[in-house]
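Next come two complexes built around chain A: one with chain B, the other with chain C.
Coming up: the complex of A and B.
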């Protein structure tokens, strides 16, 4: 039996962040993970993260994973891979399956950061090959460079369903529909909007009736659900698809904690251990961090992990006073938990922004802000010359646009969830940093009049092949429908934009507030 | 019918791996060394990994991270191998699994 000061189970964002803190305090720390590679689910997150600088906002998830691994190595954290922790027992002992052997370890402190598993919903045909988890789709395309399918239907409009739908489009797949039984979109409006403008139709208040096929999926039938959540007869419609993706939530993998005897509770977010704000469970020396203690984002998992790590060091006497560090992480975590999607707002229908502006109903019900609604938001302004139009319409904790503007045209202020305001005396130089920095891809540069009755729209563009200068195509509206002919005037790529290309298209003047995507 | 992404707008050009051959139910296929067996099969258009014991229903990839065990197959004579997390090696013999054994 080997002994450590700290055993961490799970080498994802929470576990690694905790291990970095304990190792830095001189504690002998080991991390076990059942996977062949560390990083948990971070390496399949290829989108830019929300938040502020402290939360690594506007950095893509896989880069955050690389940084975290490098820091773990520098701090002297030992990571053991292909090692499945099978049991957690009283006295903080664990059994681990490594290869064909079961090994036994003991520590003064055990931190469980096992994360969560994808939930499923059942419908006729749900077990057929071709029905996959949304996380599986991410694993296939973003880690292994394999397209999960050609024509795909996504079930679930939470952030996972929205983000993965967009990533499927980036991988060259066709997403025929995004379906959710709920009457309103569950995830961030900006994530929905970027899928909508590519032409993916949303079917809210709809669910899957059945998957079709004999040996694998060849089609799917969806139908509208009534107030009793049952499918209304006669509303069924069929789609030819080869893949059905399920993004219907995550369940904490808390089995080890239950086995050890930690006090548990059944919550709406799953079966989780009772714990304090620092990750202490009911059992002395057993701690938790990340999704296993309640589903959140990777950014909050990292902060929660850091807090738990410092707490372990303090509780064990390796750190005399961690209060300053903890306060710093708590502040950052508090910021992430603010806004319309804050944990305390889950399930509530919010009709107004913090500023008192009506939330776009079309965005919640169809996935895009209607032309008639967009003008009421403070980031949407009209002025001479090139200027940003910020279609950020919900209070979410995110502020890179304010940070990156070299001319300070964009203001969010100290309240990180406030809607960005564009200064009416904007000195915009058209650099496009805000367009590329916006994790929600909600910023456009508009020049309303370039003469001859024409104007320009600059959009963030993350698809291949890149259109060429001079190419003529179709501009799509926020709803993904064609609005007018468009000519590509410029395509800008730069290291500073981090793979977000800036496509400038020329459209008729009266279309600059409608054209939001370019289709070759 | 390749499902491989050769160039990705964010991840760039897919690094070229080492091509290896293996067999699937006796038929020779190629894949990339070290990629999960399930990915090589997916790229070759194989969807069904096994049939269940009682109702003989087809199963394939579901979670792709080794949790659900839907994708298990017989690999080099050994049944119940999670193909989504088992790296492909040259010369591997992969077989569709029927219940917990090969087709009789």
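Coming up: the complex of A and C.
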């Protein structure tokens, strides 16, 4: 039987990050993953990540995956794919199915980083072809380049539902509605806003009554839910769709830990192992990292993995003192867990920003900031010449806009969750770096007066084919409704923008604060 | 724990619901109505439910329906789902053909 110093189960962001640390300390490390490709969910993530430089903000998820894999290889981590871990037994012996064989391995340390699986909800017709998980839709689109459907209804307004809805639009699908039983949008407002301005209507306090069709989905009925979470009779409405996407949460895949005998606890976030801040479970030598120990997102999974990896190396005597490294990762992790969407704020209704500015109710209930609300945020200013307008209205831990501005026009400060402030004295040169760097696509360049009663709006644009210069189309408002005619003046693409194109459109002066999307 | 003989005293008799025929465990084709009836027949834990109806025992091993079954059983018992004892977790973690299991080389198995 082959022995290792460390066996990692799961080659996602947490598992790979941990393996890199243990391998760097000279521990013989192997990672088993049941999938044909490593990286967990990272290679499906085509959007830019939030955060700061330290946690790879404004880099697209799949790039982070590529970097992580390359680093694992450099560090001497062995990754075995199509290898399903079947059981975890006494003395840290595991059985792994590889091809048509079951193999046994032992290690001094086992780290479980199996991640999570998508949850479902049931309604009449939910087992028909055409009802799919949002993660499945992402796999089809972003890994296999297959469009999951033509007309789609999304259930779930958390970040997964919002991000995948946007990606469905990018793939050329029509998203007919974004539905959530909760009365308020669960994910980041900026993610909701970018879906909203493309014209997708939000139905909060609504749920699916039934999927229609005989052998596949041909339609869906939704209805408004009352305070008892039951559908109010008479509120039902029908949509023609061929696909229903479910983004209703994730469940940790913690079965291996339970089977091994680790102390477990049942929580609202799923069935998870008892563990300390460093990933140690109740069993000596068994560690956890990532979503299996509680659902967060990829950036925190990577940091948690690194912390667990260093802890394993320290506990095993391969590293004399890891406290400095751990402190560095803990600081970054602490930063990610700040702000309105921090774990301790889950389920709470927050009405004011840290700055004391009222949160946009329209954003929470309809998916966009109303024209009457937008002026109260510190990133929204008026000045002569071209300047950024930052429609960032919630405290989330993210600051690339501050880093990329060559003229230092944008300030967030040391508190990473603070709303960006546009300095009225600095000279914007209109380079557009901030527009492309904003992971929430919430920054626009505005020139309020270019003469003849016209102004320009530059928007981040991630759709293909790109419109032509000179093309006339319709400018859509934050709510996705047409506001005026628009002419494309310029389309800028650059390696520095990383696939975010900057579309500049000419609109009447009084529309520069309303026009936020271009439809050809 | 509720005594099986007293169960209907505690939770009342079985009342049919509109959506009783909706599938919950798609792997083993178990409906909501079957799960609710099983509670009234005295199956008050997920473990018993699995043995009795096989819900959560199929291809996905309850990864899809586990939460749903828990919710339905808890609602029928009028308790919080967190109060239910979670199901036991056993190897193999994924369904595996007997011909593969049979070839398990044991501790002397070959290395990769």
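For the reader, a short list of remarks on this structure follows.
Assume the second predicted complex is superposed on the first by the 520 of 520 C-alpha atoms of A that agree within 3 Å, B and C clash if a C-alpha of one lies under 4 Å from a C-alpha of the other, contacts with A are read in each partner's own complex, and residues count from 1 in each chain.
As a working rule, a residue touches a chain if its C-beta (ideal position, glycine included) is under 8 Å from a C-beta of that chain, and two chains touch if they have at least 3 such contacts.
Not measured: the values here are computed from a predicted model.
Look at chain A after the overlay: chain B and chain C fit there side by side. Contact with chain B, but none with chain C, is seen for A:171 once the two complexes are overlaid on the shared chain. Once the two complexes are overlaid on the shared chain, A:140 sits against chain B while remaining clear of chain C.
Contacts of A:462 after superposition on the shared chain: chain B is touched, whereas chain C is not. In the superposition on chain A, A:6 makes contact with neither chain B nor chain C. In the superposition on chain A, contact of A:68 is made with neither chain B nor chain C.
Of the two partner chains placed by superposition, A:107 touches none, neither chain B nor chain C. By the touch criterion defined above, A:326 reaches neither chain B nor chain C.
In the superposition on chain A, A:127 contacts both chain B and chain C.
Within the superposed three-chain model, A:289 lies out of touch with both chain B and chain C [touch as defined at top]. The superposed model places chain B and chain C at 60 degrees from each other around the C-alpha centre of chain A, with the value given to the nearest 10. After superposing the two complexes on their shared chain, the closest approach between C-alpha atoms of chain B and chain C is 5 Å. Looking at chain A, you'll find residues 34, 117, 127 touch chain B in one structure and chain C in the other. Interface residues of chain A, counted against chain B in their complex, comprise 34-36, 46, 60, 117-118, 127-133, 135-136, 139-142, 144-148, 170-172, 215-216, 462-464, 499.
Of all residues in chain B, those touching chain A in their complex are 3-5, 7-11, 14, 35-36, 39, 42-43, 47-49, 57-67, 70, 84-85, 87.
The touching residues of chain A, when paired with chain C in their complex, are 1-2, 34, 80, 84-89, 93, 95, 97-98, 100-104, 117, 119-124, 126-127, 251, 253, 255-256, 258-259, 264, 266-268, 271. By the touch criterion stated above, chain C contacts chain A in their complex at residues 19, 22-24, 26, 32, 61, 63-68, 82, 86, 88-94, 96, 99-101, 103-112.
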